[in-house]
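The first chain written gets the first letter, and so on, giving A, B, C and D; residue counts start at 1 in each chain.
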Amino acid sequence: MGYYDLDDILADSAEIPCKFLHDIPGLGYLENNPGGTIHVNTQLKLPLWLARVLAIIDASSASDDVGNADIFNTEQQFTPFLNMLTPETFTNKVINAIKTDPISLDLHSINPYFYALAIKWIELFSDKDLAEIVSDLLLQRSQVINAHANSTTISYNNNSNSTSSTGNNNTTNNNHALFTLTLDEFEKKIYKEANDSYKDIKKWIYQY
Amino acid sequence: MYGDLANKLIIEAKRTEQLTQKYLDAALNSDNGGIRNDFNGNETIIPMYNDELIYNILKEVNQLKQNTEYLQHIKQEEEETKDQLKDVLSGHSNDKIRKCQYFVNLLCLERNKRCLMAYQRMRSDIIDKMVWNGLIGSNNMYNNGSKRSGYNELSHYEQEYMSQYKNLIDEMNSESELWSSIEIMGNMNPPSDIFIDIRVLKDIGEIQTEYGTFNFVKDSQFYVRQSDVERLIQQGYVQKI
Amino acid sequence: MSLPKKLQDTFSPKELQFMVENEPIKIFPRFTTRQRINKHSDDILDLYSNRWKMITMPDTALNNMVAMQSTTVTLWIALLLKQQNKCNIIAPEWLTCKALDRAIQFEQNNTRRFSPLPWDWLILSEILFKKAPDDFHDPIHELRSRIQDLREIRQLKVAKGIKYMNESHLQLDNLSILEINELRPFISGIMDKLKEIHLAAVGPEIEGDKEENDGEEIFNGTLRNDSSRQSL
Amino acid sequence: MSLDIDDILAELDRDTTVVDNISSDNFPNANNNRHKLTKDYSLSPNSSLDTTTVPQHNNSSSGKKKVISSIEDFSKLMTLWKNERCSPDLLPYPHLLMKRMLIRIQEQMEHLEILSMNFFEAQGNNSSDNRRNMSNAPVNNNKMLPLLCMEAELERVKFVIRSYLRCRLAKIDKYSIYLRQINEQYLNEEINEENDDDADDDDKENPSSLRISPLEKLLSPEEIRYHQSHFSLLLNLLNESVLKYMPDELQAVNDTEASINMIDEPDYNKFVFIKVKGPPNNLYDTDPLLKKRTHPDIYYYSITIPETKEDIDLIIGSIYIVRYSLIKNLLLDEKIELL
């Protein structure tokens, strides 16, 4: 995580369905209607980096600067510009799929930045239930990731120093390739790092 | 939509990062521990600076900047009117609208800024790595006698940054006793087999080393400092046993 | 970056080997360095150049070696001498078939604990197998296969154990340096993520006092205001 | 050449080096300032790893020579290297240790140069026959062995320091803005304090003008220069290619108020592998943090996870994976090591 973190930047561009709570003229370009007005109750998808803030700043006071406080608005009630609705990634359908078969789930197709988005979402809504589901998912999948990472390693012939892939048939490698396609970007990173680590050490041992 | 171009830039940046990492990992695994003396100048580990995309993003930034200025201007005007008319309702809802428009603009600007910054920092990180990995000639890179005519992949400011960074390291290296005596630019793999047994494959003649003169006659064997014969090994004159 | 990315979060196997090479080991030198000093010797240069003066290890032992009298030196020196046929390395006590069998027994009897092998058992055994294969009493292939068995049993245990990863901590007694490094990217990567998820749910206010939370708590305290505070 | 054999032997026999007069006055008030400077624990001075910083107030000790063996120093260096490589943030620079290491390396290099010169001079005097033998099998000559070993040892020491320093430089680059911020905050506080109480200045053992900024304690002079110079190059690049196109209010490189904090901090909560060592020199009785369970006797440190209030007992001799922030102080006190 960090300002310059490319994965975090990409995760932040996830599209979140939003419902506007006010008429806002001039923002029509957000729904491909340049110059038009976005009307109250309009639903459209906005990137998280935009939606997140519009969902938490108060529309009713003109400014949160104390010096500029709106004297006509003494009874402040918080209404944001829009509400964020549950993105597809966390709909019941997906959550159920996660609960049913966490391991063979194609997480990448659900969202390539699944965990990053989940963490943002959990943080925004203090969603402990989602946190539990996601932790459990990661823990279960991590065991499979570890198994794959440790088995797609290079094997060395003891005589020559040449390398060849284990799994004398290609199917093993295909399995690994197919498996990594179902991983989200974080899982992929872990898989790669773990795989490199196992490989480097095996290489060192065989060289010895 | 605002920010779409910047997104493209980041996707490109991510691909670049992955590709260069592979290259640099390989350099580390080689015997000389991340120092590439064999860099032949045809390899590019950094892709072309994406002038066109950056230009278009900056155009968008400019547009957003103008919007912001316009909104600020309007807001000022409205506040003046509001003060005069005390038109509660219209003043109120206008405020709300302006605020929303302003935030959307601001966030788009911030988003573009973040993407541009991340792209540039990703590239400057690669340049740093190139400097540390010895991929940059020690003279001025534009016209060092080496294999490259220049670094066309880099933007003007990147080229400037690269040569200044390289100069900084060189300067500090020559001024710091500690840095120079431990050879800070040296091998990142631990020393192993500092001395090795070699067999001479072709007659070479006398070789002068710190440990005296060796007469490298074909088929003779020696125990020598590896760094003394590194080049001969590469050229195939001698062989590690 | 001045440090290759690969080395930023972990050690390379070569670096682990480097650490292990700094450990002491017993050898039988095959030559003598102890000198009967003749104060009137003219051969001062000879004496001078034949002495060890080390800066990372005691050099007394090196300067007092007597052929076939065991002494303790740093492993990398032992390996250098061995390469020159100037010593035999005395394999450590745990690196015998008998001791390894006991270790294997322990591993099999204790499903959730690792046998107390030395922190460098895997690296040291590999080094010695390669560089001093003739210095073992037991047949080397027997030793090798036992080391391999141990490694596999322990890897299996790790594979079973990773389901206990959590956001808090793990105790991993007797895990050797090589095993730790092998697992590091995986275990710390996953546990860091589990912790991130956990902290996201409990909220930052408990996360630590170093982070003063200046965002207003609004919207039933569920949404945090991390928005820009610029005013229009 | 006139050489006294006794001198030579004395020289050869030493396996320790007397190092006392290397200025240890760099940080006279390191300990006094500790609390003042260490709001953020990343800044606490690591006085214990840098042995000679400790006994500074003892004027009585000025006559006593403190002998630190080069062997001790090297093993500390190895520990520092490992800790630095495994910790997410920068650990304090061991100013004195590194000074001693540099002196030792230089001395050894000179020594080796003289040795090999003399060695070959001596060889040159021998018959050409002898010389050919020598060059064909240089090491079979026992006389070469010490030279080779010392040469190899030097390479090893140089490697550890190189790897250690470059690891630090990488972190300095990664957190350059953060480090800069720390220092600026400190300097601002400094100015405020000076304005607050001018009168108190006389009382203070250390006038604030002599105080050491957090960066000066954390980094070596070289690292400070590197940090500043590299940061300004980077800033220039970012300014020219991005920031100058932004509206005024978005031109900062260290904006913490925008929707995303621009200053990347080290991840203090990162999980690290640790080995619990216990109090240095086995001073079990005098370590207030050390707790004891009986039957069988077990010594441990207790840490608490803040958000769950869960206690973790770190038993001496055991290996754990725990959050860095929870053990950083134990690390600086040399009670644990990172693995």
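Just so it is clear, a residue touches a chain if its C-beta (ideal position, glycine included) is under 8 Å from a C-beta of that chain, and two chains touch if they have at least 3 such contacts.
Chain identities (UniProt): A = DNA replication complex GINS protein PSF3; B = DNA replication complex GINS protein PSF1; C = DNA replication complex GINS protein PSF2; D = DNA replication complex GINS protein SLD5.
Just so we're clear, the structure is a prediction, and the values are computed from it rather than from any experiment.
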| item | value |
| --- | --- |
| Where chain C and chain D overlap in contact partners, by chain label | A, B |
| Chain B and chain C: spacing of chain centres that average the CA atoms, whole Å | 33 |
| Whole-Å separation of chain centres (CA-atom averages), chain B against chain D | 28 |
| Interchain centroid distance [CA atoms averaged], chain A/chain D, Å | 39 |
| Contacts with two or more other chains, residues of chain A listed in rising order | 1, 3-4, 49, 52-53, 57, 62-63, 196 |
| Per-residue overlap in chain B, given as positions that touch at least 2 other chains | 25, 95, 98-99, 103, 107, 110, 114, 117, 121, 128, 132, 188, 190, 195, 223 |
| Sites on chain D at which at least two other chains make contact | 105, 139, 148, 152, 156-157, 159, 163, 166, 173, 258-260, 267 |
| Pairwise touch network: line, ring, star, complete, or other | complete |
| Chain D partner contacts - residues on chain C that touch it in the complex | 1-3, 7-8, 11, 15, 18-19, 22, 31, 33, 37, 39, 41, 44-60, 62-63, 76-77, 80-81, 84, 86, 168-175, 177, 180, 184, 187-188, 191-192, 195, 198-199, 202, 206-208, 210, 226-230 |
| Residues of chain D defined as touching chain B within the complex | 98, 102, 105-106, 109, 116, 120, 123, 131-132, 134-139, 144, 148, 151-152, 155-159, 161-163, 165-166, 173, 220, 222, 225-226, 229-230, 233-234, 236-238, 240-243, 245-247, 250, 253, 258-260 |
| Chain B residues within the chain C interface of the complex | 21, 24-25, 27-28, 34, 71-72, 75, 95, 98-99, 102-103, 106-107, 110, 125, 128-129, 132, 188-190, 192, 195, 223 |
| Chain A partner contacts - residues on chain C that touch it in the complex | 6, 10, 12-14, 17, 122, 126-127, 129-130, 155, 159, 162-163, 165, 167, 178, 181-186, 189-190, 193-194, 196-198, 200-204, 218-219, 221-229, 231-232 |
| Residue numbers on chain C that touch chain B, as the complex places them | 1-7, 12, 14-15, 17-18, 80, 84, 227-228, 230, 232 |
